[in-house]
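Attaching a single structure in structure tokens format; questions to follow.
All chains are identified by letter, namely A, B, C and D, in their written order; residue positions are counted from 1 within each chain.
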Amino acid sequence: MSVVVELTIFPLDKGASLSPYVARALNVIRASGLPHTLGPMGTCIEGEWDEVMAVVTACFEELRKDCTRINVGLRADWRAGAGGRLAAKPASVLDKLDGPGGQG
Amino acid sequence: MSVVVELTIFPLDKGASLSPYVARALNVIRASGLPHTLGPMGTCIEGEWDEVMAVVTACFEELRKDCTRINVGLRADWRAGAGGRLAAKPASVLDKLDGPGGQG
Amino acid sequence: MSVVVELTIFPLDKGASLSPYVARALNVIRASGLPHTLGPMGTCIEGEWDEVMAVVTACFEELRKDCTRINVGLRADWRAGAGGRLAAKPASVLDKLDGPGGQG
Amino acid sequence: MSVVVELTIFPLDKGASLSPYVARALNVIRASGLPHTLGPMGTCIEGEWDEVMAVVTACFEELRKDCTRINVGLRADWRAGAGGRLAAKPASVLDKLDGPGGQG
């Protein structure tokens, strides 16, 4: 009954150096205690729908403190059934690769 | 102080005919009374952050009734200042086009 | 055999006023002659995969002339069968709405 | 002068078990030799714009062999300057976290 959400959030009014703002959002995510993984293009968070969406809103509120334009991207994959999908989803793909596994 | 959110939501366990499910989500959006526009790849909704996100969750709950895997995509553009951006955003682009305006 | 692609493209190094850059991309799209519709959060383009992707690259090349960081978002829905889906996709949803149709 | 692209591609006409199709796309990505990382919600690929977009098209062509409806999502972050950003982007965020680093 878990959802995996990939979240991308950054201001559009602060120039091209976005990592300080992404770090502030990641601090909020870490404080939530929900399982998450940081990637090159976003952070994946797993939990129940309501708890993950509450974290998304908390990230937005954090940036709203001092930003005047904020871009948010969210992609969610909800599936009835067990959790643990941050690890299980990539593993299920790697199992099916041709030849020896690995991510290159 | 409004956010414009483009929402895409559909099940992954019901085959390739998605419009009945998109229509159910759009019914939920219409019932909210928030301004919205239906496009070829999603529906844009405008309002305060909390009210738009409540509609997103209501769409999800509607599909969760009978779907076992649901894909959600959301892109949000929040900007301090006036609302009315569902119309103002495209108009601002059209104003700046080369030659006679129009969307082709 | 057509694909509908929603394209969002803007620079991250030019501040929060993005419409001049979106207009330059839209000029490129218009010059392609492909059917397209401008929405609040992106422009939908319809055509064969290769011709639509060539337009996406042309939009990128246009902004690369003077931007040092560019964000691109693209969502594509490809379906074997007839074209005309920029209009047919929303119409198929509206047909299935409860009560009198309309986009609010 | 590199772009980092996160790619999500899956069929909509094959039911809710998507990993065999994701694995076929990942085989194509691996064969390209471009640096990439597989995540829970997509695969990030780094390279020059044209070479990454050629891989995206090759993934699409692979699934088109036997799928009648295909969903593609792509988010790209292009930046003038050095490559190596699949690792550098998350590292730059982790450097700025409050307290001891780590991805939880």
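As a working rule, a residue touches a chain if its C-beta (ideal position, glycine included) is under 8 Å from a C-beta of that chain, and two chains touch if they have at least 3 such contacts.
All values reported here derive from a predicted model rather than from experimental measurement.
J.: Pick out whichever of the two, C-D or A-D, is joined by more C-beta pairs in contact.
T.: It is A-D, judged by the count of C-beta pairs in contact.
J.: Name the chain whose C-alpha centroid is farthest from the C-alpha centroid of chain A.
T.: C
J.: Rounded to the nearest whole Å, what is the centre-to-centre distance of chain A and chain C, using the mean of the C-alpha atoms as each centre?
T.: From the centre of chain A to the centre of chain C is 25 Å.
J.: CA centre of chain C versus CA centre of chain D: separation in Å?
T.: Between these chains, centre-to-centre, one finds 21 Å.
J.: Using Cα averages as centroids, what's the distance between chain A and chain D in whole Å?
T.: So the centroids are 15 Å from each other.
J.: Going by the touch rule set out above, which residues of chain B reach two or more other chains?
T.: 16, 68-69, 71, 73, 75, 77, 79
J.: Within the complex, which stretch of chain A touches chain C?
T.: 12-13, 15-16, 18, 68-69, 71, 73
J.: What part of chain A is in contact with chain B in the complex they form?
T.: Residues 49-50, 53, 56-57, 60, 64, 68-81 of chain A touch chain B in their complex.
J.: Please output the residues of chain D touching chain A within their complex, sorted ascending.
T.: The touching residues are 4, 6, 8, 16, 19-20, 22-23, 26-27, 29-30, 33, 35-42, 44, 46, 73, 75, 77, 79, 85-87, 89-90, 92-98, 103-104.
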